[in-house]
Structure formats: structure tokens, C-alpha cells
Amino acid sequence: MIEMLKVSNLTKRFGGIIAVNDVSFEIKKGEIVGLIGPNGAGKTTLVNLISGFYSPDRGKIEFNGKNITKMRMDERAKLGIARTFQNPRVIPNMTAHMNVLYAILGSEHGKELTMTEAGAEAIYYLDLFGLLKKRDVLAGDLAIYELRLLELARALALRPKLLLVDEAMAGLNPAEAEAVSKLINRIRNEFDLTIMWIEHVLKVIMRSAERVLVMHYGRLIADGKPEEVVKKPEVIEAYIGEEEV
Amino acid sequence: MIAEVSLIVAYTFIFGSMYLGIALGFTLTTGVLRVFNLAYGAIFLIAVYGTWMFWNDVGFGLIESIVLSIVLVSVFTYAVYRIVILKFAELEDYMLAALVAVFVIVEELIAYFYPEIVGVYIPTTIYGELVPFGEANIPGQYVVTAFVSLALLAIYLLFFTKTKNGFIMRAISQDMFASKLVGVNFNRTFALAMIIASIPPAIIMLLISPIWALNPYIGWSVFTIAILVAVLGGLGNLKGSIMAAYIIGFIQAFVGFLLDPRLMLLIALIVVMIVLIVRPKGLARAETIW
Amino acid sequence: MPKIEPRRGKIVIHLLGRKYEWTVEPRYWRNPMIGLALWLTLPLLIYATATSVFHYHPIALLSTLIFANLLIMMAVPFNLQVIGTGRLSFGPHFFLAVGGYTAALLSRDYGVSPLLTLPAAFFMGAIIALAISPITIISRGVYYVLITMLLPFILGEITYWRSDIFGAETGIPNVELLFHTTGNVTLDVLIFVYVSLAIALVFLFFVDRTLRSRYGLMMGVINEDEDVALSYGINVRWIKIVTFTLTSGAMAISGWFLAHYQGSFSGPVWLMPSFLIMVLLTATLAGKGAIYGVVVSAYIVATLREITRVSLGEFSVVVLFLILLTLLYFLREGFWGLYRKRRYREYEPSIRVRRKT
């Protein structure tokens, strides 16, 4: 299989704190990779570095063999890196439909579509995530579960190659979390996606992900199959006091 | 040459201190309250013309008139806070437009009652003689104004570092939400800070009025200086404002004595624009007052 | 070659491998048509009836209309600029003065005809805007407001410094008029009304099309949340710089019109904060992002200004601004908001503007 994302020696400092410290890994095409770690481990910073929200102090990011370290966020989005945000960042005073529509119109393939065609495509993505009934509801009025789905629909509407999911489970009850996790697996298969999935909760990731990366204090401390990774002493140590293990 | 150097040194100090006093309140409202009080320029006008009204037209004594005009400034500031700022708290663009409109209304109102041809002169001269400095002689009133301005700064610093109210205001400037949680009386503290912020510019303006030619449209040029100092210093940070005030004072003294007095404001404006493009948040970070 | 394909309710135009869509829904045409007809006939009506019905000199009324159109010419590009850059600017009148000075100086000193000073004014405004456009990316919030507020002061100081060129308060006289006078002054003014109306209409048309196009929608996203816009792959910097440059050029055209209408141009008159506030309040009273509301509010502002000016003289600015502030106080959604509340419909995606400064 081909490497889709290759990260080497990535480092990011905020003042005196090293949020991401010399992290290197690669993700192959079609994989679902879980990224776990305790609070403050640097998971979200890593996602922000890959999506281009921050630029790294040191290191290199390659996407499909292309060096994207210096690229802006919108250029990376055009190459096919989409993300969701830890705290859903939809546009609150536009309807759910409009939120997805805008994503399509902004994206690269949307340039060839007219407004009506883009509108129809937006409906398709809303339906896929079961949001069809909510299409005329202002995004600001949606429940947290629906917001997570809307963010996923919006990210998928960009037709990405790599989807970065930042804590899709936070704030959801177990049944909703289960549904979201099933959906993510389903879209991976149907849309031929590569997914990097950041999660604080271990249980879900253990079932869904094929590979798990573990971060602790900005460093990558483990990389491997989920059932092997949880047995590693350094991972157990990192999670001491956390009830999920 | 030596005369010029001593002039520049002296006026850097005088202009710098004076501008600091003028900008002190603007820096505070932006720093503490995160409110960009564009009606601030009206304070200069109300202070001077209010005193003139009470003294010349109503017939109070000078000291009483000054006290009354400072009360008037406080009432005006409070009214602006209650009527405009609170009302448009969530619509910042409405608020800014409304505040500038208030400023223009005050300006036009004053221009109507006291047009430019009415000579307004308030005898607040404390020391009218020339003060020798090196090779240069400087009007004593300038020196008085500069020192009063520094004294006001010192009082402010004491207020913010030593008193309970000052501490609460600093807490608000750090984190508005958290201080709401610990039960700070928000509206009262806001109004108090706004009024406190409006007093130094009023005092400085009254002291400087015998030297400057007064007209109803002076508010904008003084306010421009206040904006320059506050923005260059990084809105809300007193350390930055002190640096910025003396930098602008130096620019003005230098340009005024060595180049062309007509370029004084222009060069200062251009320098500030350039600095803001290089350092968009001003010289010092505005997260704390001090 | 363009291929035109009619569909139900819309026309799709294929041009250079792209598709453009134009909604054609006659059932929604009635009110805009009535509005446009009213707008177009109003000057003629006033010209015909001013003396007999209102017992008022038509020139005064017609120049009020010109002022209203001038406010539209300023407020419409201003609205687009605020949406497209996601920032509130306090310097629209700076670009008016740039355009005015360019046109006036070229006309007086080099005898350039008004037709050529038009592109010159536009490009001057656009080039200066392009040169300072990095501020739309670098500075945020109130820093942007204050920087843009300083621009007119800088220009004002320059005009005082080089008063030999710019003529300070008296301005630049002897600017060629837009057309040869017809001999009848009132008729001349009427023609100027229609010229300003035409420019306002062109601006309105362009801005409306832009806001309804995909770029308008992208601007809507930028206005809401720049990070989300970036994650969509929207080139935020590019859109901001282009919007800022073009809208500033458009504002410079209002200066061009003024110079050739008055036959002179005096910057300090227009660089005053009171004109800025009239533009700002016209744009805000229109309702957020409501381009057509600008027409209504501009005419209301100009009428109020004329009424207060005639009845109160020197005191007028105070009363005018008090009235406008009261309107701002009670009409949160603007004049357009009042109309929309009664006749709400949504048949095309439109942007809703929520400004964060």
C-alpha cells in the first residue's frame, strides 16, 4: 500500500511548552488510524499542524509524496485534507443545508457546479448522515450530536482524501457515539477515505481503528495494533488515573 | 545646534508626558473594559467648554467651574455608557458608529453655541514664566502640565496595584467571563472605570488650554493623538502607552524643530501606520494593564 | 462560445468551460420593478412639480437626490467591502477623496477629459487600496477600525502640508464639468441626478450579482469564520485583497463624480467624520448586508439632512445625528429588516451577515 501521509520529526512549541515533540509516523492509504492520549498530550495540536492551522517549528509533512509543510490551510484543503473541529465550528446563523452547500461551493470540485447542482449535492450528504429533516434548521439550533454529524457531512462534501476527525465523541451519549463510529466506518468504505481519528475515549477507537498511535506529553509513545498497544507499560502508565483503561 | 538639541529633549519630555495624560483614559477603557470608546474625543471639548460655560456664562468661580465641568464630563461618560455602550454591547459595528456620531453631535453642539470666533480663554495658568532648559526657554505651563500628567499616571498605577477596585478592574481585563463568575458587580465597575478614565484628559486639557488656541474642532486632533498613543502602545497596556507616548513626543519634537512644523502630525501618523503593519498588536501585548 | 440553456425558473449559461446560473422568476419581479420605476421617475417628478406643488426651488430638491445617490455610491461598495474582508472599515471617505483629488488634479493641470479621469480615479483608488491591503489580513478587530480611521487623517494632513497642490480647504477649482452645460441650470442638475443614479444602479447591480455568486457566498463564510473558510479550501487572502481593492476603486468613482459635478474638489469637506458617519449610518440603517435597503436608507438620510438643514441651519447636524441615532436605537434590523419581516421568502441562497469586528 502507498503512504498517504508522512510526518517526520514534527515539533511545535508554544512559549516554553513543547506541544508536539519530534513526532514521526506515516499513514497508508485506506487506513483508519486512531490517535489517542491523555488530555494535553498534543493530539489537537498535531491535527492543527497537519491541516495547516499552525505551522511547525521543525519537521516535515508530506501528503501523497508532496511536501506540504509550507502550504496554507486552504491549499491543503484543496489537495484533499479535510477536518472536523473538536468544538463543532459550523456557521450558526445559516441552515444546515447552507452549511454544507457553502462547503461544496468553496471546494475544488464545486467550481464546476451551478448553485442548483451544488444544492442537490448538499442534500445528498445531509441524507447520508440522516440530517435531511433538519436541513432548514439554523445550525446554531442543532443539538451536539447533530452538529457532529453536520461537521462530518460538511467535511465529506469537500470530497477529501484524508479526513482528520478531532474528537467526534466528546459530549455524546454511548448510543450516539456508537452511531457516529458506525457512520465513520461506513463512509471510509464507501468513499475510499483515509481517516485519522483523534479520540480521548479509548473504547470506541479500540474497536474501529486498525492502528493506534499514542501520544503523551507531545511525544509519540506507541504505534501498533490496538490490542498490542494497550498492553505496553508506557501506555498504561500514561493513562494511570484515567478511568477508561 | 545645542539649542535645538535641548529643545528637542525638553519637548520630547513635555509632549510625551502630555500625550500620555491625554491617552491614559482611552488606553484604560480599551484595556479594562475592551470597549473602544470613540466618543472619548468629546471629553476634551466638554471639559474646556463646560468650564467656560460655568465660569463665563453662568458666573461661578473658576475652581467651582472646573469641578462642575469635571462632574459634567463624568455624567456625559456615564450617559454614553448607559445609553450607547450597554445597548449595543453585542453589535460592535453599531456601537462604534453610534459613538462617533455622539462625538460629532457634541462637537457641533459646542460649535453652535461657541463658534470659532468666540475667543475662549480659561485662566488656568499656574506658572506663566519661561523655564530655562539648557539653551532653550520653555513655557512654564507646559512643564506644569507634563508633571501633572506624570502625577496622574502615578495615581493610576497606585490605584490599580493597591486598591480593591483597581484589582477588580484588572481581574476583569484578564478574564471577563471568570470575573462574572466570582460575582463582580459588572455594571458598577464598568461605569466607575469609564468615569475614572474620563478625568485625566479633562485635567490635561484644562491645563493646556491657555497655551493652545481653542476651537470647537480641536477634539479630533487631540483624539487622533490619543488613538496614536493607545494603538502604538498596544491597546490597553500602560507600559506600551508610556513608550508610545514618548516615541510620538520625540517624533513631533524632532520634526517640529528640525524639519517642518506642518509635518508634525503627518510623520507621526505615518510612523504609527508602519509600526502597525510590522507589529499589528502594537509595541506591547495588551493582555494586561501593567 | 457561450451556450444558453433555459431551465425552469432559471437560465444556465455555459461559457469557457464554466457554468453560470441566473434565476429568472417573473413572479418575484413585481416589487423590484415598482421600486425601480419609482426611483427612476422621482427626479423627473420633482423637476416638473417642485415649483408649482412644493413652492420650492427644484435645484435644492434635485441636489438632495444627488446626495442620496452619492450615499448609495459609497454605502453599497462599503457594504461589500465589510462583508468580503470580514472587517469594519472606518475609512471609506478616504477613497472618495483619493478619487476626487485624482480626477480634479488631472482635469485642472493636464486638461484630461472626464471620460479618462474616470478610469484614472478608479485605478488610483484601487492601487492605493492594493498597497495597503495587507492590513485586511494582518490587523483584526478594533486595530483595523483605528488604522482605517487614521487614513483620512493622513490624507487631510497631506493636503494641508502641500496646500499649493491640493488647495487645502478651498480645494481644487476649475475642474471640467461632466458634460457641456445645456444653458438651463435646473436641467443640468437633473442630468447630474440621472448620471449619479446610473452609477448607483451599476454599483447596485454588480454588488448584488457578486453577493449572489459563489464568491459572495465565500465572502459570507469569511465574514462568519475565517478558519472554517480556510478549511473549505477558500483562498481567504485572495478574496479579501480583491474585494478590498475593487470596492475601494468603486468608492473612488464617487469622488470622481463629485469633482466633475461640482467643478471643484475640496478634500477636507469630505474627509470630515460627519460624512463618514452618514455613510456608516446609511449602511447600518439599511440592515445588515441588505444591499437594497441602502437605497431606502440613503434617501431617508439625505431627506432628513435637507429638512434639518433648511429648517434649523447651523444647528442641523446635531438634530440630524440625533434622529439617526434614535433610528439606529430602535431599528436593530434596519429598514430592510422591516420589509423582510413582512415579506419573507428565500428562493436563492443569500448571505446573512454577522459582523465580528
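Which chain is which? They are A, B and C, in the order written, and residues in each are numbered from 1.
The rule is short, and it goes like this: a residue touches a chain if its C-beta (ideal position, glycine included) is under 8 Å from a C-beta of that chain, and two chains touch if they have at least 3 such contacts.
Being a predicted model, the structure only gives us computed values, none of them experimental.
Enquirer: Please find the two chains that have the most C-beta pairs touching each other.
Expert: Among the chain pairs, B-C has the highest number of C-beta contacts.
Enquirer: Taking every chain's C-alpha mean, which one sits closest to the mean of all protein C-alpha atoms?
Expert: Answer for the innermost chain: C.
Enquirer: At what distance in angstrom does the C-alpha mean of subunit C lie from that of subunit B?
Expert: Centres of subunit B and subunit C (C-alpha means) sit 34 Å apart.
Enquirer: Please work out the Cα centroid separation of subunit A and subunit B, and write it as a whole number of Å.
Expert: 50
Enquirer: In whole angstrom, how far does the Cα centroid of subunit A sit from the Cα centroid of subunit C?
Expert: 43
Enquirer: Which subunit C residues touch at least two other chains?
Expert: Nothing qualifies.
Enquirer: Can you tell me which residues of subunit B touch two or more of the remaining chains?
Expert: Residues of subunit B touching two or more partner chains: there are none.
Enquirer: Provide the residue numbers of subunit C that touch subunit A in the complex, in ascending order.
Expert: 10, 12, 18-21, 214, 217-218, 220-221, 224-225, 227-237, 348-349, 352, 354
Enquirer: Which residues, counting only subunit B, touch subunit C once they are in their complex?
Expert: Contact set of subunit B toward subunit C: 30, 36, 87, 91-94, 96-98, 100-105, 108-109, 111-112, 220, 224, 227-228, 231, 235, 260, 262-263, 265-266, 269-270, 272-273, 276-277, 280-282.
Enquirer: What part of subunit A is in contact with subunit C in the complex they form?
Expert: 51-53, 72-75, 77-78, 82-83, 89-91, 93-94, 98, 101-103, 105-108, 110-116, 119, 158
Enquirer: Quick one: which bits of subunit C touch subunit B in the complex? Just the residue numbers, please.
Expert: 82, 88, 90, 134-135, 138-140, 142-143, 145-147, 149-150, 153-154, 157-158, 160-161, 273-274, 276-277, 280-281, 284, 314-315, 317-318, 321-322, 324-325, 328-329, 332, 355-357
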